[in-house]
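Each of the two complexes below includes subunit A, the first together with subunit B, the second together with subunit C.
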Partner chain A sequence: MSQIQFQHKMGAHCESGILSALLSHNGVALSEPMVLGISGAIFFVFIKTPHMVFPVFDMRNRPGDMRKNIGKRLGIKFATQKFSDPDRARASLEALLDKGIPTTVQVDMFYMEYIPSYMRVHFNAHFIVVVGREGGNYLVSDCYYPSISKLSRDSLDKARFAKSDFAPKGFQFYVASTPAGGVKEDVLKKAVMQGIKQSAFNMVKLPVPFIGVKGMRRFADNIPAWPKIARNMDALSHAIMSIHITLEERGTGGGGFRFMYASFLQEAAKLLDKTEFSDMSKKIMAIGDRWRELSLFVARVGKNRDLGDNRMQEIRQMIRARADEEEAFFKTLLTMVK
Partner chain B sequence: MENQTITAVSPELKLEIKKLILETLKISDVKPEDIADSASLFENNPALQLDSVDALEIVMALQRTYHVHIDDQNIGRFIIKSVDTIAEFVAKERAKNKE
Partner chain C sequence: MKENDARVDFEQHQVLLYVEKEDGSYGPLQTGAYLVKHYADDFFQKRHNIETECIDKLGKGEISPVVYFMLLYNMTAADIAARVGISKSKVIKHQSPEGFAKASVDTVKRYADVFGVAVADMFQLVVPKEKDLAVANRKTANPYLSILEIGREKT
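Then we have the complex of A and B:
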């Protein structure tokens, strides 16, 4: 067996969770909420393409943007690679492990055999850190699981080359370098302010109709039409319940990332000695609580097939109310970082 | 419900939690004593047959009743895995709040 001494951490969201763990390993102590906040990841995007019957949404920026923004703002270089051949991908990974370099790989979560089967779904944008080998298994640090776990070589190969949306294509990355002497406090403070400014700007100032609070309202206003376009009640229920899944089940840390953002603002308040960020933390925590209530509401009505026109209007109003709250919140936040 | 005074992981706390789960999920054909303390609430439990929506209902009921905040559903899943794990979490949070 060979295992890199790696401090495993559980996390709310795979990309921010593994980045936090990976950076800690490389001497940059950054909590998961700080990774989320500094990378400007809090977001909203309304997504509708011609092949979709129902639109969907996401509450964070694109997969990969957290790593890029953290790298840019803190002077950390990540080495990234993609492979078309599983054998070359495996050889590259094992060469890095032999050098003692913990390496993050993108995987289909379904093949993570250490996670209870009822919790596993096909999802191609999951990230884990490979930290060693034992016989025919890899040792992996998955922030969705309490401890370092074994994953068979066969399962990891399948997970790294699963097909469909967001196909991993053998993607892997590791920390290539960090600033000499570590990340200085003034750099960190500046990065926090940049992250807040980016998030607040995206949510309320970006002139794109499907992003930020505009995107929330667009998504909300789309919902009353769903009963007409659903082929049957089951399809409608599935679409409505996917709102709950996106808000609470897809590794958001609860409340569509808003709880984690509240933690970030608390840390920012201490670092920058700005009590106003602490007040804002409480506000976004309360907004997160209301997203969670909305999530439970849609889950209940979806599960019970209670999906008449009045329910669709209720859901629309609830999402619009969140949009109004977030507009006020992020406008205020933007004034604090000008 | 008398929850304020129970801080240790006691049989009383576990019974209280079982009643809270059954009440919250409106399960009338299962008695608290039918739920084993260490049994998984979500996996291989034909008596309860809970799903992820029930998980969120339980999380919110725990938050309301015990004034705890479970932000993270990933960690939340392990907290609400069984009555034992829920009771440990509640007792720990209460002890923390007392300090």
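Then we have the complex of A and C:
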């Protein structure tokens, strides 16, 4: 058995969680909320593709963007590689492990054999850190799991070379270098402002109908059509209850990342000595509470199969109300970082 | 969200949430997963309903195993096609028993990989007759052969 000394910790989200842990391993202490905020990851996108039975939404930016933005804004270099051949990908990963380098790999979550069966869905943009080997298994740090887990070589190969949307193509990365003497305070302050500006801009200014608050409204207006898409009441219930999973339990820290963003703004207020960010953190925490009210509502009506047209309209109105609140919030936030 | 409102006593499935602590600061809280604790029974009931519906249709020769796993994992023909590496029209053909009979062994193996089952599970359903029997497929170095292990669960 060979295992790198790596401090495993649970994270709210896979990408922000592993970035925080990897940076900490390399001597840069940055909380998970700071990773989320600096990388401008707060987002909303409404997605409708033939690869999905029902339309879905996400509340963070594109997978990989957190790493790219953190690297760019804090001067951290990540070495990245993609592969077409599983044997070469495995050899490269093992060579890095032999050098004592914890290495992040992009995987299809379905093949993570240590997680419960109800969580095993095909999702190609999950990130885990490989920290060692034991027999025919790898030792992996997965933020969604409380401890270091074992993953068979066969499962990791399948997970790294799954096809379809966001196909990983053997993608791996590790921290290649950090700024000498650590990240300077003025760099950190500037990065915080850049991250806030990017998030606020994306939420209210991007002229794309399925992104930001416009995307929220489009998603809301799509909900009443769901009974026609569903093959039966169980399928409709599953789709409606999935809104809860996306908001709360698929790695958001609760309230669709809004609670974690409140934590970021609180840290930012202290770092920049700006009390207005502290006020904004309370506001986004309250908005997160109302996203949570929606998630508890959809879980309840989904289980009760209380899914008539009036309920679909109620869900639509709740999401539209969240869009109105977020539009006001991010417009105000944008004025603070101009 | 206040820390006390977020706490869920459910050791089996933990999540990390960000909450408002008693002193007004915001920070992480490791706690049980609300949905899993309160609604997992509903999830498994839905799965059971799909299994019941599909096993009946499989037995009558109305659908192929591709449909069964597609419904079980809530996937579309387009997504399965991309993952298996064949066209969507082929997946649609393979949804009928007649079409599935024309799939190559290699294609069936790739379907099995996508559905996370052994190749043998594309042709059989394993139903233990006694409640305390545990059934598990053990992989071998041969990708087309798995060993079905059946034993009594330790009490």
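Note that the second predicted complex is superposed on the first by the 319 of 338 C-alpha atoms of A that agree within 3 Å, B and C clash if a C-alpha of one lies under 4 Å from a C-alpha of the other, contacts with A are read in each partner's own complex, and residues count from 1 in each chain.
One rule holds for everything that comes next: contacts are C-beta pairs under 8 Å (C-beta built on N, C-alpha and C of every residue); 3 or more make two chains touch, one makes a residue touch a chain.
The structure presented is a predicted model; accordingly, all values stated were derived computationally and were not measured.
Peer 1: Looking at A:203, would you say it contacts subunit B, subunit C, both, or neither? Reply first, second, both or neither.
Peer 2: The answer is neither, since A:203 touches no partner chain.
Peer 1: Looking at the overlay, what does A:281 touch: subunit B (first), subunit C (second), both, or neither?
Peer 2: In the superposition, A:281 touches subunit C alone.
Peer 1: With both complexes overlaid on chain A, does A:116 touch subunit B (first), subunit C (second), both or neither?
Peer 2: Both: A:116 reaches subunit B and subunit C.
Peer 1: In the superposed arrangement, does A:263 touch subunit B (first), subunit C (second), both or neither?
Peer 2: A:263 contacts both subunit B and subunit C.
Peer 1: Touch test for A:238: subunit B only (first), subunit C only (second), both, or neither?
Peer 2: second
Peer 1: Which chain, subunit B or subunit C, ends up touching more residues of subunit A in the combined arrangement?
Peer 2: Ranking subunit B and subunit C by residues of subunit A touched puts C first.
Peer 1: Name the contact category of A:319: first (subunit B only), second (subunit C only), both, or neither.
Peer 2: Touch partners of A:319: none, neither subunit B nor subunit C.
Peer 1: In the superposed arrangement, what residues of subunit A touch both subunit B and subunit C?
Peer 2: Touching subunit B and subunit C on subunit A: residues 10-12, 116, 118, 143-144, 146, 241, 244-245, 248-249, 253-255, 259-260, 263, 288, 292, 296, 299, 303.
Peer 1: Spell out the residues on subunit B that touch subunit A in their complex, using ranges where they run on.
Peer 2: By the definition above, subunit B touches subunit A via 42-43, 51-53, 56-57, 60, 69-78.
Peer 1: How about subunit A: which of its residues touch subunit C in the complex?
Peer 2: Contacts found on subunit A: 10-12, 17, 32-33, 49-53, 110-111, 116, 118, 120-122, 143-144, 146, 152, 154, 158, 162-165, 234-235, 237-238, 241, 244-245, 248-249, 253-255, 259-260, 262-263, 266, 281, 285, 288-289, 292, 296, 299, 302-303.
Peer 1: Quick check: in the complex, which residue numbers of subunit C touch subunit A?
Peer 2: Checking each residue of subunit C against subunit A gives 1, 6, 12-20, 25-28, 30, 33-36, 38-40, 42-44, 46, 49-50, 73-76, 78-79, 82-83, 85, 113-114, 116, 139.
Peer 1: Once bound in the complex, which stretches of subunit A touch subunit B?
Peer 2: 10-12, 116-119, 143-144, 146, 241, 244-245, 248-249, 251-255, 259-260, 263, 288, 292-293, 295-296, 299-300, 303
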